[in-house]
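Next come two complexes, and both contain chain A; in the first it sits with chain B, in the second with chain C.
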Partner chain A sequence: MNTILLTAFLGIVLMMIGAFSKSKTLPRFVAIGGIIVILIANMVELLSQESFFTFNVKNMLTFNSFNLAFIGVALLCTLIYFLLSGSAIEKVGSYVAEYFALLFFVLCGVAISATFNTLLMLFIGIEIISIPLYILTGSDKRNLKSNEAALKYFLMGAFSTGIMLMGIAFIYGGNDQATFYISQLGFGVGKMSPLIAIGLVFLLISMSFKVSAVPFHFWTPDVYDGAPTVFTSFMATIVKAAGFFAFLRLFDNGFGVLQPQWQKLIVLITAATLVLGNLTAVFQQSVKRMLAYSSIAQAGFMLFALFALNEKAKEGLILYAAAYSLATIGIFAILIKMKDYTIDGFNGLAKKQPVLAVTGLVFLLSLTGVPLTAGFQSKFYMLMAAAEVASYTWLIILAVLCAAISAYYYFKIIQAIFFKESSSAEGDLTENITPAFKLMLIITAVLIILLGVMPGLLTDWLYY
Partner chain B sequence: MNPQDVWITFPELLVWFPLLAGLVCFLFKDNSKVKSWVLLVSIITLCISFVSLYFSDDAKYLALNKASYTLKYMNNGSFILGLDGMGRLLTLLTAFAFPIIFVATYNTPYKSAKNFYGLMLLAQSGLMGVFTAMDAMSFYFFWELALIPVYFLSSQWGGERRIQATFKFFVYTFAGSLLMLIGIIYVYLHTININGNGHSFALYAFAGVRLNPTEQNWLFWLFFIAFAIKMPIFPFHTWQPDAYEQAPTATTMVLSGIMVKMGLFACLRWLLPIFPQATIKFDTIIIGLSVIGMLYASIIALKQDDLKRLVAYSSIAHIGLMCAGIFTKTEVGLQGVMLQMFCHGINIIGLWIVIELIERQTGVRKISQLGGVAHKAPILTILLVVIALANIALPLTNAFIGEFMLFNGLFAFNKWYAVAAGISIILAAVYTLNMIQKVFYGEENSITTAIKEIALHEKIILSVVVVLIFMMGVYPQPMINLTKGTVEALMLKFN
Partner chain C sequence: MEIRWYIGLAVALFSIGVMGVLTRRNAIIVFMCIELMLNAVNLLLVAFSKMHALSPVGLTNPSVVSNAQIFVFFIMVVAAAEVAVGLAIIVMMYRNTHVVDINFLNRLKN
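The block that comes next holds the complex of A and B.
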C-alpha cells in the first residue's frame, strides 16, 4: 500500500516541480530521494506487514511478502536505474520533471499489478503502466522514429488491452460465482466451460502481448529501438518484469487448477519465444536492437515460471527479474554513453574505458548465464523448477541450447570490447564519464556477483 | 590430526591460494615484477601440493561427506572440496605444470603481462577446483570458471585467427556444460540427502542415486557430451586444432596439458559411478568413437605442416586411447588412464616448450621451412628427442607404462579394438620421427641459421621434464599406489 500511494504522490509532486521550477537537475534529486523513501517504506511494510496507511481496499489488493518482495526488487532496480541513467533522462527533452513524474506513475502501476486480487485491478494496473509509457516512447518529439514507435506501441497496446477486457468479461460471465476476484473464481479441477476457455485464451494473449512473448512480440523491436534509449532501458527491464509477475500471479492464483488445460499453450509460446528471440538477435548489428531481441529471448526463460508454477519457479521469477533487470540496466547505461550504437562502436573500449569494459563484461556474462553471476543462478532456478515438473524435457534441452546461442551475440560485444582495435585512433568512444557513474556501475556489477553467489539473499525475502 | 578440526585444508588451500594470488596480479603496476610473483606463487602451490600428498586425509572416494562451507544462502548448496588419490594426482599435475610453463615462457614478452599472468593463475585455481570438487554444484562452477580465463587468454594474446577459433571453443564447451547442467539438476532431483530429507548435490548422494535404465541412458549422454567436447573425442573435436594453434603457447600448454584432462577426470568421477549401467550399455559405442578418433587424428597428423597442429592432432589420438581405457572398465585400464593422464600432461607440455623455443627464435612453425636445428642447438635437440620418444611411448619412458596398461585393458575388452588402436601408435611413430627428421636434422636454411642454443633456465626446465619422463618410466609404482584406492572404489561399481 505504501508504494502505491507514495509513488502516485511523488508523481504529482514532480509535476508541480515541473510547473513551478525551472531547474533541470532538481527533479532528478527529488526522484532519487523519493525512490529511496519509497523503498524504505516498502521494506518496512514487508517486515512489519503493516502499511502506514489503512484503507479498506475490500480485498481487491493483497500485500503478502511475495508481492512486496517483488515491488522491492522493482524499486531497487529503479533506484539503480535513476542513479545510472538519471542524467540521461535530463537530456531527452525539456520536460524533465514530467518524465520523472511519468516514471513514478508507471511504478504505481507496477505496484498495483503486482498486488491485484481482482481482474479489474489487474486491468487498472496494466493500464497505469502502459499509458505513461506511450508518452515516454514518443518523448523525443522531433525524432520520427520515436513518434512512429509511440504510435505503434499505442495501437498495439490498445489492441491488447481490448483483448484483455474481452477476456475479463468472458471470465466474469463464465464463472459460477459471477466474480472478478481471482481467488474466488472456483474452477473445479479439469472443469472448463467454453466461455472460460475463451476468456482464458484472451487473457493469455493479452498478457503475452505485454511481456512480448512470441508470436505477440512484433511491436517490441521497433518500439524498443525507436524509443529514447533511457526509456527503452526502463521498459525492457522493470516494466517487463512487472508484466511477468502479473502474468504469473494471474495464472497461478486464478487459473492454477486449470493448468493441465493451458500448459501446452505456454509450452508452445515458450519454445517459440526462445527460438525466435535468440535466432533473430544473432543477426542484429545495432546493440540497441539486439538488446530488444535479447529481451524477448530472456522472456522465454521467464516463461518457465508459468510453465512450472511451483515454489522454485516463484523464487526463480523474482531472482530472474532482479538479475535480468540489473544486468540490462547496466548494459543500457553503458550503451547510452556510447557515441556509436553498433557493435563496432564498442571496438577497443577496454583500452579507453577499462571500468566500463569490465563492468560491461559482468553484465554480459550475467545475461549469458555464466556461473558466479546472478544470471546463472536465475537460469538455474528456472531449469530446476522446470525439471521438477518432470515432463517436456525437450523444452528444457531446447532452452539450454538457446542459452548457448545467446552466448554468440552477447560475446560479440565482449569480443568488440576486449579484442578488437578501435577504428579511429583519436577521439573517445564515449561521452564523458563521471567517477560517480563508474562507481555506480561497479556497485551494480558487485550486486550481480553477490546474487550469483548467494541468491538466498533475495529469495529468502519471499518467506519473510 | 583430525581434518575436521582444521579450519582450512589442503584442497581449499590449493583452490584459494592461486585465486587470491591471481587477483593480486591485476593490482601490479610494474609488468616486470609480476613474472617473479607468479613464479613464486606457482612454486608455493607446488609445495602445497607436495605436502598434501603426505598430510591430507585419504578421503574415501565416493563416501566423502564433509562440507567445507555450507552456503546458507544457496539452496542446499554446500561447497565440498576433497582430495582422493585421483584428485591428488591431478592437482599435482596442475601444480607441476604451472611453474614449468612460467619458467619456459619467462622470456616471452606479453602485452600487459599482469593481466596475462593474473588470468593464468585464475585458470589454475579453476582447474584445482574441478579436481577437488566433491559436490556437483561446485564442480559445475569450477568447470566453467576454468574456461573463462582461458577464453580471455586465447582471445587476447593468441594468433591471427584467435577470436574466431577461441569463440568456437567457447561455444562448444559452453553448450556442453549447459547440457551437463540439466543432467546435474535431474540427478539432484532423484538424490536423497544424508539425513533423509531433501536432495543433495554431494558426490556421495550422486553416486548413491537410484535411476531407472531409461533415465540413466539419456542422462549419461547429457553428461558425456559435455565431457567429450572437453576431451575432445571424435566427432566433437573440431574446435581443438584451431584453438591450440591460435592460443598463445603458454595457454596451449594449459589447454592440452591439463584442461583436456578435465574431461577424462570428469568421466571417472561423475559418469562411471553415477551411471554404471548406462556405461556398460554404451561402452562399445564410445570406445568405437575413441578408436575412430585415434586413427583419424593420426592420419591427419601425418599431413600437418604446422608444428602446433601436429601436436594438437597427436593429442587427440592420445586422449582417444585414454577415453577408450576408461570405458574398458578393467582395473588395469583404469590404472593406465590415471598414470597416462599425468604422463601425457608432462610430455605434451615438454613438446610445446620446444615448439615455443623454436618459434620464438625463428618466428616460424612450419615444418617445411625449418631444418638443421640440431647443428645449432644440440642440447635442445637431445632433450626434444627424449620427449618425442615419450610421445610415441617407447619403453623406459613414462608413456610406455601408461599406454601398455591401456592396451592391456583394451585387449581384455575386445582385441579388435586393440588392434585398430595399435595402428595409431605406429602412425604416431611415423609423424613424430618425420617431424624430428625434418626440423632438427637435415640442412640448415636461412631461417634456422639464426637459432642459438637455449638459455640455462630453459635447459633446466626441459631437463626436469626429461628426468620426470625417465623416473616414471622406470619406477611408476608411487603413482600407481596413489591412485589405487580410486580405481578400486570405481571397480566396485562394476563387479
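The block that comes next holds the complex of A and C.
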C-alpha cells in the first residue's frame, strides 16, 4: 500500500515542480530522494506487514511478502536506474519534471499489477503502466523514429488491452460465482465452461503481447529501437519484469486437472521465444536493437516460471527480474554514453575507458549466464523449477543451447571492447564520464556478482 | 432475450473491431476500431451482469451483480485516458509528416 500511494503522490509533486520551477536538475534530486523514501517505506511494510496507511481494499489487492519483495526489487532497480541514467533523462527534452513524474506513475502501476487480486485491478495496473509509457516513447517529439515507435506501441498496446478485456468479460460470464477475484475462479476444478476457456486464451494472448513473447513480439524491436535510449532501458527491464510478475500471479493458482493442456500451450510459446529471440539477435548490427532482441530472448527464460508454476519458479522469477534488470540497466547506461550505437562503436573501449569496459564485461557475462554472476544463478533457478515438473526435458536442453547462442552475440561486444583497435585514434568514444557515474557502475557490477554468489540475499526476503 | 444474442452481438462488434485494426491503414480509423472493441466488451459485461442477477448466486447476494457494471465505468475512464494520449501521438506524427497513414510506419525496419 505504501508504494502505491507514495509513488502516485510523488508523481503529482514532480508535476507541480515542473509547473512552478524552472530548474533542470531539481526534479532528478527530488526523484532520487523520493525513490529512496519509497524503498524504505516498502521494506518497513515487508518486515512489519503493516502499512502506514490503512484502507479497506476489499481484498482486491494483497500485500504478502512475495509481492512486496518484488516491488522492492523494482524500486531498487529504479533507484539504480535514476542514479545511472538520471542525467540522460534531462537531455531527452525540455520537460524533465514530467518525465520523472510519468516514471513514478509507471511505478505506481507496477505496484498495483504486482499486488492485484481481481481481474479489475490487473486491468487498471497494466493500463497505468502502459499509458505513461506511450508518452515517454514519443517524448522525442521532432524525431520521426520516436513518433513512429510511440504510435506503434500505442496501437499495439491498446489492441492487446481490448483482447484482455474481452478475455475478462468471458471469464466473468463463464463462472457461476459472478466474481472477478482470481482466487475464487478455480480454474480446472470440475467442468470448465467454454466461455472461461476462451477467456483464458484471450488473457494469455494479451499478456504475451505485454511481455513480448513470440509470436506476439513483433512490435518490440521497433519500439525499443525508436524510443529514446533512456526510456528503452526502463521499458526493457522494470516494466517487462512487472509484466511477467503480473502474468505469473494471474495463473499462480494453477489449473488443476487442466495443467497438462496449459503446459502444452506455454511450452510452444517458450520454445518459440527462446529460438526466435536468440537467432534474430545474432544478426543485429546496432547494439540498441540487439539488446531489444536479447530482451525477447531473456523473456523466454522468464516464461519458464509460468511453465513450472511452483515455489522454485517464484524465487527464480524474482531473482531473474533483479539479475536481468540490473545487468540491462548497466549496459544501457554505458550505451547511452557511447557516441556510436553500432558494435564497431565499442572498438577499443578498454584502452580509453577501462572502468566502463570492465563493468560492461560483468553486465554482458551476467546476461549470458556465466557462473559467479547473478545471471547464472537466475537461469539455474528457472531451469531447476522446470526440471521439477519433468515431462519436458527437451525444453530445458533447448534453453541451454539458446543460452550458448546468446553467448555469441554478447561476446561480439566484449570482443569489440577488449580486442579491437579504435578506428579513430584521437576522438573520444564516449561523452563526458563523471567519477560518480563510474562509481555507480562499479556498485551495480558488485551487486550482480554478490547476487551471483549469494542468491539467498534476495530470495530469503520471500519468507519474511 | 437470451444471453446468447448478446454474446453474438458483442462478438460480432469485437470481430469488426479486430478486422478493422488488422486491415485499415488510417491511424484514426484503426483507433476507432480499437474503441469499438472496448465498447463490445462493455456491452458484454453489462449483459453478463444482468444474466448473473437471475442466477442462484445473484439472487442470494444481489450486490455481487453490480461488480461488472462498475467495471464498465473503469473501462470507459481508461479508454478516455487512452484517447487523450493516442490522439496526441497521432497529432504529433501529423505535424511532422502531414500523413496519418500506418504504411508510413516502416522506417525502423531497416
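Throughout what follows, the second predicted complex is superposed on the first by the 454 of 464 C-alpha atoms of A that agree within 3 Å, B and C clash if a C-alpha of one lies under 4 Å from a C-alpha of the other, contacts with A are read in each partner's own complex, and residues count from 1 in each chain.
The working rule: a contact is a pair of C-beta atoms (placed from the backbone, for glycine too) under 8 Å apart; a residue touches a chain by one contact, two chains touch by 3 or more.
Not measured: the values here are computed from a predicted model.
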item	value
Partner chain(s) touched by A:144 [first = chain B, second = chain C, both, neither]	second
Partner chain(s) touched by A:457 [first = chain B, second = chain C, both, neither]	first
Which of chain B and chain C A:5 touches, first, second, both or neither	neither
Superposed model, chain A: greater residue contact from chain B or chain C	C
First, second, both or neither for A:177, with chain B first and chain C second	second
Touched partner set for A:400, first chain B, second chain C, both or neither	first
Which of chain B and chain C A:384 touches, first, second, both or neither	first
First (chain B), second (chain C), both or neither touched by A:165	second
For the chain B and chain A complex, residues of the former touching the latter	71-75, 140-141, 144-145, 148, 152, 155-156, 162-163, 167, 170-171, 174-175, 178-179, 181-182, 185-186, 188-189
List of chain A residues in touch with chain C within their complex	120, 123-124, 127, 131, 134-135, 138, 141-142, 144-145, 147-152, 154-155, 158-159, 161-163, 165-166, 168-170, 172-173, 176-180, 221-222, 225-226
Interface residues, chain A side, partner chain B - complex	365, 368-372, 380, 383-384, 387-388, 390, 396-397, 400-401, 403-404, 407-408, 411, 415, 418-420, 453-457, 459-460
Chain A partner contacts - residues on chain C that touch it in the complex	3, 7, 10, 14, 17-18, 21, 27, 30-31, 34, 37-38, 40-41, 44-45, 47-49, 51-52, 55-58, 64-65, 67-68, 71, 74-75, 78, 81-82, 85-86, 88-90, 92-93, 96-97, 102, 104-105, 107-109
